[in-house]
Amino acid sequence: DKADAQETVNIGFLAALSGPDAGWGLPGLTGNQMFVDRVNAEGGLDVCGTRYKLNMISFDDEATGSKALQGAKQLVLEHDVKFISAIGGNPADATHPFLTQKEVVYASLISTDIKPDRPYLIAGGDVTPRIDMMRPWYHKQRNPDLKRWAVLSQDDTIGLTSQAWEVGSALADGWDVVYDEHYSLDTVDFAPIVTAVLATNPDVVSLNLSYPDFVIGILEQLHSQGYEGEISANYLDSESILTKVPAEFIEGAVDSFPLFDDPYWGGDSVQKQFFDDWMARFGPGGADDVKRGITGIDWDHVIMLEIWAQGVQMACSFEAAKVVEALQNADEVDTLLGKGHFTGAEMWGVDNMVATPVPINEHRAGVKRVQQVANFEEWFQPRKEQIIEHVRSKGMMFDQR
Amino acid sequence: MLLELKNTSVFYGKVQATHDVSISVPEGQIVTLIGSNGAGKSTTLRMISGLERPQTGDVLYDGESILSLPPEKITGIGIAHVPEGRRVFPQMTVMENLEMGAYLRSESKEMAHNLDLVFSHFPRLKERVSQHAGTMSGGEQQMLAMGRALMSNPKLVLMDEPTLGLSPIMCQEIAGIIKKINNNGRTIVLVEQNARLALALADYGYVLDTGEVVIEGVADKLREDDDIQKTYLGLG
Amino acid sequence: MSKSSFSTHLLVSSLVVIAFFVMAPNLVSAYRLELLTIFLINVILAQSYRLMATTGDWTLCHYILMGVGAYATGILAKMAGLPFYLVMPMACVVTMIVSLLFAIPLSRTLGFAFFIASFALGEFVRHVWLKFHYPFGGARGINGIPKLEIGQGGEWYFIDFWDSRNFYYFTLVFTILTLVILFRIDRSRLGDTWKSIYTDRELSESIGIDVTKSRIMVFCVSGFFAGLAGSLLAYQIGSIDPHNFGMVEMVYLIIWCVVGGVKTFWGPLIGVLSMSIIFELTRPLAEWRPALFGLILILFLVLLPGGLETLPARIRELLHRTGTQRGTG
Amino acid sequence: MGVDTIIQTIANALVLGSVYAMVAVGLAIAFGVMQMANFSHGELFMAGSYVVFVLYTLLGMPFLLAVILAFPIVAMIGLAFERLIFRPTRGNVLAGFMASAGAGFILQVLVGQQWGVGLMRTIQTPFPGGAEVLGASISYQRLLIFPATVIMVTGLWYFLTRVKAGKALRACAQDPEAAVLQGISLNKMTGLAMLLSGGFAGVGGALMAPIIPVTPYMGHTYAVTAFVIVIVGGMASIEGAVIAAFILGFIHTIVATLYDSVTATMVGVLFMAIVLILKPTGLMGRVKV
Amino acid sequence: MSFFSVENLTKKFGGLVANNNISMDVEKGEIRGVIGPNGAGKTTFFNLVSGFYRPTSGKVTFKGQTISGMATNKIARLGAVRTFQRPALFSDFTVLENVSIAQHLNTNASLLNAIIGHDNHREADSLERAIEIVDFLGMAEDRDTMANNLSHGLQRQLGVAMALATEPELLMLDEPVAGMNSGEKAVMVNMIQKIRDKWGVTVLLVEHDMRTVMNLCEKITVLDFGEKLAEGSPDDIRSNRAVIEAYLGADDSVT
């Protein structure tokens, strides 16, 4: 039955909403808003018999630690939010002591934020760095003769951490890592960097989780400097890439941000449903036309929001400790990427990462298509010691950072 | 009267530079403004050419007020200003400087004519057409500044201390040229600290002191009046 | 107004203001108290920036200097494990030393070149933070900076400055101290000497003022207080990274000073206060907000170049003038 | 390092130097004439890219036509800056500089609101493929930039030394008051300077649009580099700006190839600091800034 | 060794020799004039001895110490202070404040003193001395006038007052009467004489105005084309053929 909600519970959205980083924050609002509206339309979130209307409040943290802390304080002290959806990285570092003290569940996009002293931080909706770890393996399977792995990403928190995990995994899967560097966030000209990469004669050039803007610059240069090997990346935005390089150039390129209109999911899948809903509302001619295409960020945030909502329902409570405990103990949770479960202690010191299936895509004639959905845990277990050893040698383990 | 100043007062911020200055310049004459430093001579010239606006009073040229015109328009109606300190364009050649003087005269025939005229007054400029103005000596720069002003074929030439910083011999030469320009039918307002030189050249003179016209008269009379010389010109 | 009645005025109004700030934790909500704390830190920063401006040197690296104080705090407190009463003075001194290193080449330039060169040197430091992961932590920065506390839990004199009320008072003490010191400098012979450099550098030089040394000294003193603000910020957030000390923050600082004015001691205070209020009130504008700040910057620089502090004088002037006025130049 | 890597690096440096030159020359013109220091020069560059985005990507005009149109369109924005910002703050470089920063924010927001703040706008490469030169390969799109810069800078040089209006512009830069006394309108000349400045930035942005991410915030990095170049080159000197652009292009490319781009930026800034210490007027500067 | 001496001072700007091998000696308590036609190098000379320029070669000594190449402020600290040809003052301050800023050399203006409040410039004795200087120069009525509201003549006098406030032993005046009417000139001449007589200050005077120079100076040095042309008493100079030719002019209508 659809009894109307009596009470309202506030949830927060804390990310850059203006300035150069707004591209990382604003899209997150779309998926979250769709979820909130759907739940409210259904009469609110059913928490063991009581229904709560969800109310999302956003705060612009300008991707800056001090502003994020101010935002966390406003969301918690003024609005008493029970959950904060965020991008993570430095803002997570800045807000965490406070949020831990106030016992608020915080969901980061990226798992690298998870630490034992942040008991209420959950992450993993975004497949980083699990996919980055599995790509060397996938390439090796596809073509066992290849040997030389080159990887580069931007010089920031997530780039550094996830590249360490990727390199460890590449080594574990028998690659020679011939290039392992980071470029500055201010880079506008990738010509010299690509020249340096190509000087190492790589078989595969991996962009790790280079931001989409950088991906284009690097690929454009790889193409123009005559690179002919394989390409691998966390996220390839095919549509924009194809404006710069011919489809043949990225034929077979591997990434892991699936398209939700990929036939692989099937016509009545949650993914297709999300895609259609999003297009109807935010796409061209929609009520809230955002004047851009759907991206991974549009559905990245909402995965964690849905997980939190399930946690609340399982715990029959909004208390952070209970919600997180319920999630950790659950056999499985539903996500937009399929069934997931909480794990991660070996990588992050605490089981606060949701391990969803990892979709692996290849480009086929210019279109990204899911090839397989891999099981991370199975892959990780036999390799973990070697990988962790490398990450530790880079100083990137949770207890070293 | 070609030019008439009626009770003009100019302020720099709160400081009053000139008080109720009235001056008449008949066509074809040389009128000189003399007085010590800071008397307001340059200010008066700058006001005529529109670089400063008077707080009160009016400036009539050919009987019409030119107060509302911006300085570049005032050049256009036939008033040329040879500024204090020469102010040639140092990194441009002599030729380019002269071309700038003819900025508003686009007709090439007229320009060629003016150029010939300037070169006839200042043969030295002709030898130096491609020299950068900044590398010329003070006297040569003064000639260039005067030549540049003549390039716009003005009816009225305002000259601000053309002998400033020149050797006595050069002063004589410049004085001769001023006379020649005047004989060519151009009216001249000459500002000078060198009162003797100025009064020797001019038809009529005004003495300025701390922003006010304290005395005026026919140049020869002023030159002979010992009292005036002692009190206002520091001569004698 | 006579001098003495003016100073009683000043005394009374500052007492009222101080009383408000002392009572604030009981008067405002917990979040507002956080805003007040941020405000106090910003006051230190803006006031130290104004000190620079008294010699006519505007910089684009003040936020970087604040960052130096914050990084020094992070490193000394976390890696060296020192208590705050050692960390804070050391952080200020470190910032002062870095300021000195900046000031030596910068003192060879003037005006606009000084402005841009200061930016470039600041960028250099920011890249040092990014490049040298040890000890600066690269893009991630330094997190887990130990809490600020006196004594240990259980001891009678234990004070936990993690508590926002306590931290507020802690910041308040430093803000008042900074204001008192900078006010005294402003009114001192030394302050006059520095202002004289702004008015006429050559003249100052000729009456025996060592202009270069003075400019370097102002830079260092200003850096010292920027370091203090940075140190407070580091303790407040507990985690710092290069992003905290970027160009956008620098532009905000300039907006405060432009809006308030730097001629008088109180200008930057007015600027920080008014802009902080506008900043919080306009949150709902989200993406449009930078445009609003752009507009404010333009309007002030074009219409009220001296900042709010000159507003009363401007109004008086406008009332004084009547329609007969003709434009000059 | 192999020979082909060295040749590739030189080619990279020439391309980068050309881009820098095109952006920096515009700044130098504006600064040379009435000391207009445009903080938002990068936003004019961004506007040039958006002109290509709108005309070429959205409306389907030929790419080169869009690039050519970027000149007048962005020049008009430059002119608006001159009218609304630089003219009222004339005589105070810092005030103009900061106020123009405000204008930059406004442009960023307007563009973001009109064409989306999404991660980027990508523009189809109009000239796919590339050329092999002595073992180095450069895409045609990049190759285009070098001759374009040569043409534009030569054109500017011709304009400033052979055309009356250009000479008048130089006259204003050398002595504004004396220029006015020759009948040259200062307002027209400052307008002209900002038109040219905007036009250069616009064409630079337009040419680069297909090879860099186009976002409302893309201009900042270019503007910062351009300011460093203009200071190294000597503020108002156009030759200085061109020379410094290529020096920095080479420094950045070589260090980024051998080490990394963070170090490259640091070396570039250090280079500027050294130039300022040794020669505060910049490489070709005549005026003390 | 003289009180103030210049030996073979040379300054080149690129190819141009603005000062060439100039030497002179000035005794304590003397008023020395330096004259010469425009462009002769007087201002350059002045800038060299006051530390604004660094000489290409040659040396300047003051009280037995070499001061050439020293920064202006250091030279000022030693007691050789210059004034400017233009009116130079701190326009946002009153007359008294201007003088009192100039006194800073003789006060304990340190950062520490500023912070603990021990360097107030209204301290009794320095204030007394500032008032003394202002009154001595006949500006008693204008003590609290803002400097930029003074008349031209008074602005120039204030410049001298500020120089005096540094308690100099050598006062270098650059065209002190430029821009003054004859009344103001007389005041200034009188003032310079009083400064020397009352405080024993040595004066070095660069001036165009012949009458002022002739009235005031015991000895005059004439420069021409960057070189020393002549040196001697006013009467010597007046009758020196070379000086007449180069500067004073044979035809007295243009001098």
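We call the chains A, B, C, D and E, going by the order they appear; numbering starts again at 1 in every chain.
Here is the rule we use: a contact is a pair of C-beta atoms (placed from the backbone, for glycine too) under 8 Å apart; a residue touches a chain by one contact, two chains touch by 3 or more.
Everything numeric here is computed off the predicted structure, so don't read it as measured data.
Chains touching both subunit A and subunit D: C.
The greater number of contacting C-beta pairs, out of the two interfaces C-D and B-D, is seen for C-D. The greatest centre-to-centre distance from subunit B, using averaged C-alpha positions, is reached by A. Relative to subunit E, the most remote chain by averaged C-alpha coordinates is A.
With centres taken as mean Cα positions, subunit E sits 41 Å from subunit C. Spacing of subunit B relative to subunit C, judged by their CA centroids, is 52 angstrom. Rounded to whole angstrom units, the spacing between the C-alpha centres of subunit D and subunit E is 48. Per-chain Cα centroids separate subunit B from subunit E by 33 Å.
Residue numbers of subunit E whose C-beta contacts span two or more other chains: none are found. For subunit D, residues that reach two or more other chains under the stated contact definition are 109, 112, 117, 220, 262, 265. Within subunit C, contacts with two or more other chains are made by residues 127, 130, 287, 290.
Touching subunit A in their complex are the following residues of subunit C: 29-31, 34-35, 38, 127, 130, 133, 138-141, 143-144, 147, 162, 233, 236-241, 243-244, 246, 248-249, 283, 286-287, 289-290. Interface residues of subunit C, counted against subunit D in their complex, comprise 58, 105, 108-113, 115-117, 119-121, 123-124, 127-128, 130-131, 247, 251, 254, 258, 287-288, 290-291, 293-298, 301-302, 305. Within the complex formed with subunit E, the residues of subunit C that make contact are 181, 184-185, 187-193, 195-196, 199-200, 202-203, 205-212, 217, 221. On the subunit E side of its complex with subunit C, the touching residues are 50, 52, 71-74, 76-77, 81-84, 88-93, 97, 100-102, 104-105, 107, 109-111, 113-117, 119-121, 162-163, 165-166.
Here subunit A touches subunit C in the complex through residues 17-19, 22, 26, 58-60, 62-66, 69-70, 73-74, 77-78, 89-90, 93-94, 96-97, 101, 117, 155-157, 159-160, 184-185, 395, 401, going by the rule given at the top.
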